[in-house]
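What follows is a structure written as structure tokens; I'll ask about it next.
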């Protein structure tokens, strides 16, 4: 994990963008993998889970950041957990109220957002040290990054595994779905494949940079 | 270096002799041993089986070349191991398996099962079975659609499902089966019949392969003989199939005695389904089996026990593939607990 | 871990402050949760009710209202009572208040995990009138067809479940047979390629029926009246 | 086999619906602590232990929550009580068996807030297991977790010695291995169900 | 076990390999003397232990058999002049199998010098005490002729608290091509037995067993014929299998006991000597002479006149090669046997006391062709070959990622005695034994650096 600044940070575009890519909680920091893999067998679930996490992240960051001066160090973690658990419970009930089907599809994973280390990590490392504005924006960035990662998996898995996206038929009706994609191994494989792809692209970029440098060195 | 330029004496390190058997030779001999099995499969299922074998083998070869190129390694198709993977993969698929799915299986087998880990010798699970397990999970219907052998006109007419368009569902083979079937073909393998209907196929049928099943898993006798050839040439570890058969018999024997109506005889268990092919050619893939002498027996026993458990108590009719994959995953652990006692080890050392 | 380290460096916070904060936060959370709970509870209850009603009307055509009971060897009771032995059943009535059937739950292990269904039983034809899968983890595209495959569901439009003379068991065991070999009204034609899931359905209906149908017939009058006594 | 029998619950949690490979619970420790067999084994033991403690505590709290009809506080209570129970047990272990503490100690704080533990508590509540079923469930889950962790560690130690292509040296390799294991574990589907 | 023994063909150990032995080229050829080379080079360090210290000066005349260097310590032996001639230099550097540059005494041979040994005194062995016997052995300059060239007298003196009960005489000659020990057993049987009796006295051993591979049953018969009934010396056939001649294996085969890991045969009351060593001792000690020549098998496809030659120590290989008509196409000259010997970088290497054979390969024979090296395919052939029951595959994989310390700590690297069986069978053609040598050397250096 990157060393997070202890000093007060100004709001910049980077505060938000960081969570999307450089410090993407899933693809880069490999945190909170359980919900990522468990609920991404359909795009709908991925979106719901992403939004729920985003909400908990933002709400708890806000509260933690607001209360940061009042929380003694010793009970820091305990307080954060209570705060997070509160918001998770709220989300849990709200989703039940919105749609039972969705609630059943997500199963225990909504409640397991409590255990998601992205959130506790944010609260501990960032929100407890920064002003409300900064930490909210950062939390939105992180949450969005998380949601994007969920979508990356959810769309691929639903598209290959059922031939649909958000339940809408994409391929011809004769398309043979790859059932494995919505089964557990598919989750591992798709995430693994994304990581492989990113690694490959990164390597290519580095190679190009190296080559470019080499060319310069040769030229001079 | 040409001979003339050679220095008078050349420096090498001992030993200066080598046994004249190389990896490439071993692999080539496995291919030879598999050819009769492939031949029988083609005779039984006709042109569909032939094309299936060609497609998987070709995909495997192409995938291997592709990944060698991508990772900058020299092309390793020459060691023939990839051909084995292709042949064995085809032999574990139903004869009418759509070709595009077979190509997917071949690609996954080599790409995910082998190249990802660095190629020959480094894979952690049997590549052919990784390919098959993937398509089994991806296309569970197609892979459990069996068609009869010895159909009239099998040498010039494809099983209709074979030619499904890429990424499209195969057509239903029901009609084709009805119009070609040797009478009474139910589309069920002997294992399924035994499990669900408690009808046990005849031993002779199992031996000669006149039953439904995968392209190559049908004639137990032929597979056994081809495996023996390898064992006699010391290119295959005979202890693994021996351990598998032994464990299978030891588990299924008492079960059969307890309730002959439900549990089949050990002989049936050994001869039916993919057990013979798995034991002789797939469990013996040395790359993914433990090497230690006791470990080899344990590994075989694990496969035998798991096979019977999955077949008799699990949701699936066939367990060999999963048994081998699980045993592959277990083999590093098996190896580490069965390191042999070295010459002269004192008891104090053995403890530590 | 790090909290322990830091507490050594930091001056001790008075325990009062700690209690104050923790207590405050706990109260705040409690408040928030209770508020949300109170607000959403009616909606959730309503959602659940609708879900169950939809399920019941799926398995018993023509139903308008339902009443929940607990039915067991000890008798029929109104649902809601505490510590009652028996299974939950839903008696379903049409617009005229006549008993259209009884919906029951059943479960058995399928291919992957336990399958749980709701199914309807009609006391007049002594037959099963429909099933709805409540929970399963069967393979998509294969085992999950038990939930929507029209041919398969047709089996349960009038599945023979007559009781024997003694009225203590089914006349014929309900069994799942191989695809295309259904001959009798009490047989279930399985889905080809998903024999295991199909068999699980047959098995759970048979088990549940053997146990519950005699009880339903025994308490038929009370069920008709919509009143347990 | 009866789906409610203790054996079935145990088998189901250990193999068929393995926490890591089928339910995706506890992936962080699974990917993080599986590089060496030795540590994996200790981690497995620690997890089994914490699972047992949390299963028992969760059973107790739930009983109280249901009694007072305040189930909406379940999540908050579970997480608070499990964390403190583990702390308590940790302190006891430290006092009475320093050796055991040394083996498990570093892992305990890592595990307490992880989703396999909380998931276990939630699942056993949703499935309405009684006390003994909960015990069977938590031991099964712990054993299954340890099996998965050990298999993974064995494979990863083997790959230590392999010449991996550069792209597959990172976390992707761990996920692909997990995928392969998960694929192999599909063979256990339906084990113990009566299919005849 | 007891029952199993009934079915065993011959006494043996577990694992090992069966290379083609190629002994038919020379096995029937009686030992022949070779003419003196114009110059001989006697390295001062031909044995394990401290080098000898020269006694002669350049320009000095020496007589065949005369001591020309004295032992440099207890674990060291003197040298004797192999030829009559004139010392040209005493610190000429020659390459030997032991190292690239070793100081040697160079003697220019007198042209008409006789092969007769003119030096030495008869002594009555029965009057000598044990200590005197051991001194006599050291004075003879005797080192193990089996290959390791370990000073023979050292093994006669077991450490405090240990005794030697059994003497094992190693007549296995398990290396392909080599037949020198075979010929010694056939032609010098009396000397062999005399040597054994002497050493039994020197060690106090109660029994002596001569172990001979069962492809040399004629030698077994020859020895048994000479052994009087009731003698504490016996001769047993053991299975023909490489490395039957390794002392640990032979002890296992003959006594069914194992030398503890990291220990020496003496730890279980055993001392092992080569038959050649015994035969030479039987010849030399009674006359208090020194070791000046030895039997060398010269064989292999690259030799026109293969045979077993009695060669003066110090004879350069170049001379030897000329004498036996080695072809100029030769591309690989191995001293020792093909399984454990090493190729020489230059033909200037002289024959030393431990050199039992010279094998010359001319063309690439089928079983030693260059083949591509594949990754380890985990076939386990090496595990089934390793006589120590190590896991060479694992060791090899660890070596290729340079985890040398793990090899030693967890996989018993130091028990490997570099017999080469694993490399021999490896279908992937991995130079396992070479890896292990490097690993041990690196570990040794690391230990030295740490100390």
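The letters A, B, C, D and E name the chains in turn, as written, and every chain counts its residues from 1.
Throughout what follows, contacts are C-beta pairs under 8 Å (C-beta built on N, C-alpha and C of every residue); 3 or more make two chains touch, one makes a residue touch a chain.
Bear in mind the structure is a predicted one, so any value in this text is a computation, not a measurement.
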*Just tell me the minimum hop count from chain C to chain E, counting one hop per pair of touching chains.*
2
*Going by the contact rule set out at the top, which chains touch both chain A and chain E?*
B, D
*Where is the C-beta contact count highest, in terms of which two chains?*
B-E
*Which chain has its C-alpha centre farthest away from the C-alpha centre of chain D?*
E
*Taking each chain's centre as the mean of its C-alpha atoms, give the chain farthest from chain C.*
E
*How many angstrom between the C-alpha centroids of chain D and chain B?*
33
*asked:* Taking the mean of the CA coordinates per chain, how far is chain A from chain C in Å?
replied: 35
*Between chain E and chain D, distance of the C-alpha-averaged centres to the nearest whole Å*: 60
*Report, in whole Å, the distance between the mean C-alpha point of chain B and the mean C-alpha point of chain C.*
43
_Among all residues of chain B, which ones touch two or more of the remaining chains?_
112, 118, 121-122, 134, 137, 140, 196, 315
_For chain E, residues that touch 2 or more chains besides their own_ = 375
_chain C, residues touching no fewer than two other chains_ = 29, 33, 37, 110-112, 139, 141-142, 196, 199
_Contact pairs between chains, per stated definition_ = A-B, A-C, A-D, B-C, B-D, B-E, C-D, D-E
_Partner chain D, residues of chain E touching it in the complex_ = 375, 397-398, 400-401
*Would you mind writing out the residues of chain D in touch with chain E in their complex?*
160-161, 163
*Residues of chain D defined as touching chain B within the complex*: 37, 150-151, 154-155, 157-159, 162-168, 173, 176-177, 180-181, 183-193, 195-196
*Write out the stretch or stretches of chain B touching chain D in their complex.*
67, 70-71, 112-113, 115-118, 121-122, 124-125, 130, 133-134, 137, 195-196, 198, 262, 306, 309-310, 313-316, 319, 321-323, 325-326, 328-333, 336
*State the interface residues of chain B toward chain E in the complex, per the touch definition above.*
3, 6-26, 79, 118-122, 237, 286-289, 291-293, 296, 339-346, 349
